[in-house]
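Shared between the two complexes below is subunit A, which pairs with subunit B and subunit C, respectively.
Then we have the complex of A and B:
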């Protein structure tokens, strides 16, 4: 035990001695959480609209008035020339163009369906679908208005109402911040702890440790525990900020979060350590770790819904520790899920941690 | 100078493991992400509360589940079970039918369908509600039968991406991120490594000028990254069917410019960092999240608060993503993005000059 303590002491000294590293470990996560949390939103605040009203009649103006008065639309330009609108879309200054062709009013009067073209810049497919739905629904309401004037009793057969639970205001920050917290903890766990061993390898100092009577498990425990503590410390700071700065509710038990985090850190540190036992230089191990990290992050459901991924991709997530942690921390913080609700995931994670860590210990050789 | 570049090449190619990682990983990532990442909704789990199932509620349910957006998760017996269902994460939305649904409809009353969405994921929640709303409204319209009134028909057209494929949005983003991070990481680590292992001293006492050392470090990696860029582009064209509507030569030229920018950023980082670990943490930790989040890769920049929109102006990937989207998807020429190109060139200049100056101090 004392041996482990000495190694830990050495590690702590090495971390705190490095003036460059300190702010990276302690300040950067806080700053990133502060700034980036505001960036993650799919919510469309304003649709930049171009109006091409070739008909320019009473009817077309009355329809367009609905767009002009809506705060969701910002009219970027207007002309009778559709090509000009297309040019604006191409330049990227406009998202959507509404084009009312000649004969609009005449058709309406004759009872022939009158057409309105909506042209969307669809490179961002999901955003385009949303903007389009918005515009179509405004036109739909306008239609309903026409019908209601003619036949007042026409009413929808089935009524719909809806509720948003857990986050009635649909605040995206509430959803993202727990996820970003996970990331910050991960980077510290996986990189700092894991890369530490390969660094000693590359510089050659590992030889000196290898010739001492320090046992394998002591060495690894001494290497990992300091970063385990640092990462949990960062998590605590992040949670405090989430709670008091962003006023994110923490509905569940905070100790449960730390329990999950402790198990989770064992997994990521195990992965980091395993990577550093199969590589020789820091460069190799960093690339490898970086590769897994990026794959894990983007597939974890942090930014995009997991349910939308094909089945095989969801199968890959079985070995994705970030996916487990993100799911659990969101359940605990936002929905107040208790131990029974997450115990299944937690057991998987624990088994995963034991497996990867024993693999890493087994791969680590004291002789070179 | 020439020999120095050869030395760098030898360093890189000798290390087979790093080579495999360098070339293999970006490809694997593009494949994985291209297939897996999408922000469309598919197969969201939906539970049903239907106390008195009948023909009408079944018809509506079938309509919902036939859309492909939802799959049926569970039939709940009462509203009380909803909260547990959500807490366990077993469904994303619950559809609640009123008692005696078809009976009420026949009597001319208007029965209600209630949608309760798990909004701990607000984006998915609002999309689910929107979709089901649309489907049920369509059902309503079918019931109302056609009224012979003049109607306005909306004719939507989706240009540049008619099938609304998510890959169109993600592939340019992934190319950018991979080029940016891999290039910056590679160079920053390579210089920091010479420092850490002590071989930097040897370079510094050699007659090579700082400019030569930096150029020698950058040139091999420009080539490597360029090969990476080409292979990613080939993949996205042949596997994902992302078109290149504009000029390929222009696309490659812009890629080289962006690679040089990323590499010079890497060199700049390495002149600040004193060892590989710091260099790596800076080029990765400090850069990864901003590159992903502030570049418009996943989240549209115009939705962000003003301050962040300003901040994103300083992010090189933001400009590059705009450029490649214009070339690949819109088929635009240089006259549409000469400004973006100039900005990238300017940023590259700044980093190169800054690192040469920083470098001199070390020489002294």
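Then we have the complex of A and C:
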């Protein structure tokens, strides 16, 4: 026990003496939360729209009026020539083009389908899908209006009423911040702890350590525990910011969040340590850790819903620790889930942690 | 000195791929001895020391330190070993005092209790106790490393080129400390590329290409030098070497700093003959005298005899 204490003491001295390390540990959470939660949003404001109204009739102008008065659209240009609008999309000066074909009004009056064409710049696929959805729903409303006008007695058969539970206003921050907290903890656990071990190899201090009677478990515990503490400290700071600065509701038990985080950290530190056993320089370990981190983040459900991924990808997520933690932290923070609700995930995570950490300890060698 | 064996190696081999680092080393080191391994870079000194320090596994052969096998009993051995790697391996971002405390801590050693061992050395670096190790000079770093390797009162001290890259004064101080440590009956194994340090050892092994060429006391090694050695002082050593190589009857001509060492079979030629020859060739004012061979002369002689001469300079 005393040996572990000496190693931990050394680690803390080194961390607090490192000019680069302190900002990384203490400023990173603040900056990440601020930038990511204010700047990154799924909402699309200011869709740059090009209007090609070939029909140029009362009906077409009435439809287009909906777009002109919407705060989400900004009309970039208008003409009767479809080619001009397409040229604009090619140049990238507009995001979307609506083309009302000739005979729009006439067809409406006849009761024959009247045609409207929407062209989206799908360079950014998810943005294009969102813009398209906005526009389609505006045209849909217009459609409803015409039907109601023409046949007043016709009422919609199915009336839809919807509610967004757990995040009633679909507030992006509420959804994002728990995820960002997860990232923070991950970076400290996987990157800093793992790189710290490689650093001893790289600068050669491991030689001196290896000839001492330090046991493997003592060295590893002494190395990992300080970062485990720092990561939990960062999580606490992040939660405080989330609660009081961003007013994110924390419905569940805050200690449950820390319990999950503690288990989660064992997993990511195990991965970090494992990477450190197969690499010799900080650069190598950094690239390898980065590779796993990017894959894990993209598949974690932080940015895109896990439910929309193909089955094979969801199967891979079984070994994605970030996916577990994001799911659990969102459940606890936004839904107020209790221990009973997450215990299954938590057990998986714990088993995962034990496995990867044992693997890393087994792989770690004092002799060459 | 007792004749009890402290370190015993038998037919030790190690190779990295096709490169042979150790080609079957066998030797014994007695307790309380300062035993030097003398040889150029790449001779296999570091591989040998890392095996003895339990950091490297030998391919074949056995090695034991204080009766403990370096492979089977490495755990016990690590308790009684003090090892100083060739590369400075303390924490550069910890201070002098913190480094010492850390290594004392992990060895469960009491700094006060063992302070007498390192007092002479530590007092020299004590004024910089709160300075970071990375900011120390080369000599200071080695002194600190020695303190850290000694703080747990090891029975055997393994020092891999402790004086490489250290200034002449610090080197001398360092050796004075090692000689003082002998009184504590610590067996000291030291590797060095400096031939002048060899005479400070009780016994030395001359090592080249993973083989021991000679193993004896420094006196005996120089005494075994079979040829007659001449020292030529000249302002132009390169020309002197070229000329001497053309001289009938000599065995070798080597540059030693600003002098040339020439060896010849005993009784074959004398200093005057060389002097005359040189002045004939137009090299005036060259002082030529008979000389006693040093370790380095022996090293070169042995190297040539075993047919493993390389273009490398032995004296850095």
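As a working rule, the second predicted complex is superposed on the first by the 350 of 368 C-alpha atoms of A that agree within 3 Å, B and C clash if a C-alpha of one lies under 4 Å from a C-alpha of the other, contacts with A are read in each partner's own complex, and residues count from 1 in each chain.
The definition used in the following text is that a contact is a pair of C-beta atoms (placed from the backbone, for glycine too) under 8 Å apart; a residue touches a chain by one contact, two chains touch by 3 or more.
What you see is a predicted model; the values in this text were computed from it and never measured.
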item: Side-by-side fit of subunit B and subunit C on subunit A, or clash; value: fit
item: Partner chain(s) touched by A:18 [first = subunit B, second = subunit C, both, neither]; value: both
item: Touched partner set for A:114, first subunit B, second subunit C, both or neither; value: first
item: Contacts of A:203 with subunit B and subunit C, given as first, second, both or neither; value: both
item: Touching partner for A:254 - first (subunit B), second (subunit C), both, neither; value: neither
item: Which of subunit B and subunit C A:27 touches, first, second, both or neither; value: neither
item: Partner chain(s) touched by A:214 [first = subunit B, second = subunit C, both, neither]; value: second
item: Subunit B versus subunit C as contact partner of A:124, first or second or both or neither; value: first
item: Which superposed partner A:133 touches (first subunit B, second subunit C, both, neither); value: first
item: Winner by number of subunit A residues touched, once subunit B and subunit C are compared; value: B
item: First, second, both or neither for A:341, with subunit B first and subunit C second; value: first
item: Smallest separation in angstrom, by C-alpha atoms, between subunit B and subunit C in the superposition; value: 10
item: Interface residues of subunit A shared between complexes with subunit B and subunit C; value: 18, 203
item: Subunit C partner contacts - residues on subunit A that touch it in the complex; value: 2-3, 6-7, 9-10, 13-14, 17-18, 203-214, 366-368
item: Interfacial residue positions of subunit C with respect to subunit A in the complex; value: 53-57, 74-75, 78-79, 81, 83, 85, 87-94, 98, 102-103, 105-108, 148
item: Interfacial residue positions of subunit B with respect to subunit A in the complex; value: 15, 17-18, 21-22, 25, 28-29, 32-33, 35-45, 60, 83, 86-89, 92, 105, 110-127, 129-130, 132-134, 136-137, 139-140, 143-144, 147-166, 168-169, 177, 181, 185, 189-190, 193, 196-197, 272-278, 280-282, 284-286, 288-290, 292-294, 298-300, 302-305, 307-308, 311, 322, 325-326, 329-330, 332, 336
item: Contact set on subunit A toward subunit B in their complex; value: 18, 20-21, 24, 28, 32, 35-36, 38-46, 48, 63, 86, 89-92, 107-130, 132-133, 135-136, 139-140, 142-143, 146-147, 150-151, 154-168, 170-172, 174-175, 180, 183, 187, 191-192, 195, 199, 202-203, 279-284, 286-288, 290-291, 294-295, 298-299, 303-305, 307-310, 313, 316, 327, 330-331, 334-338, 341
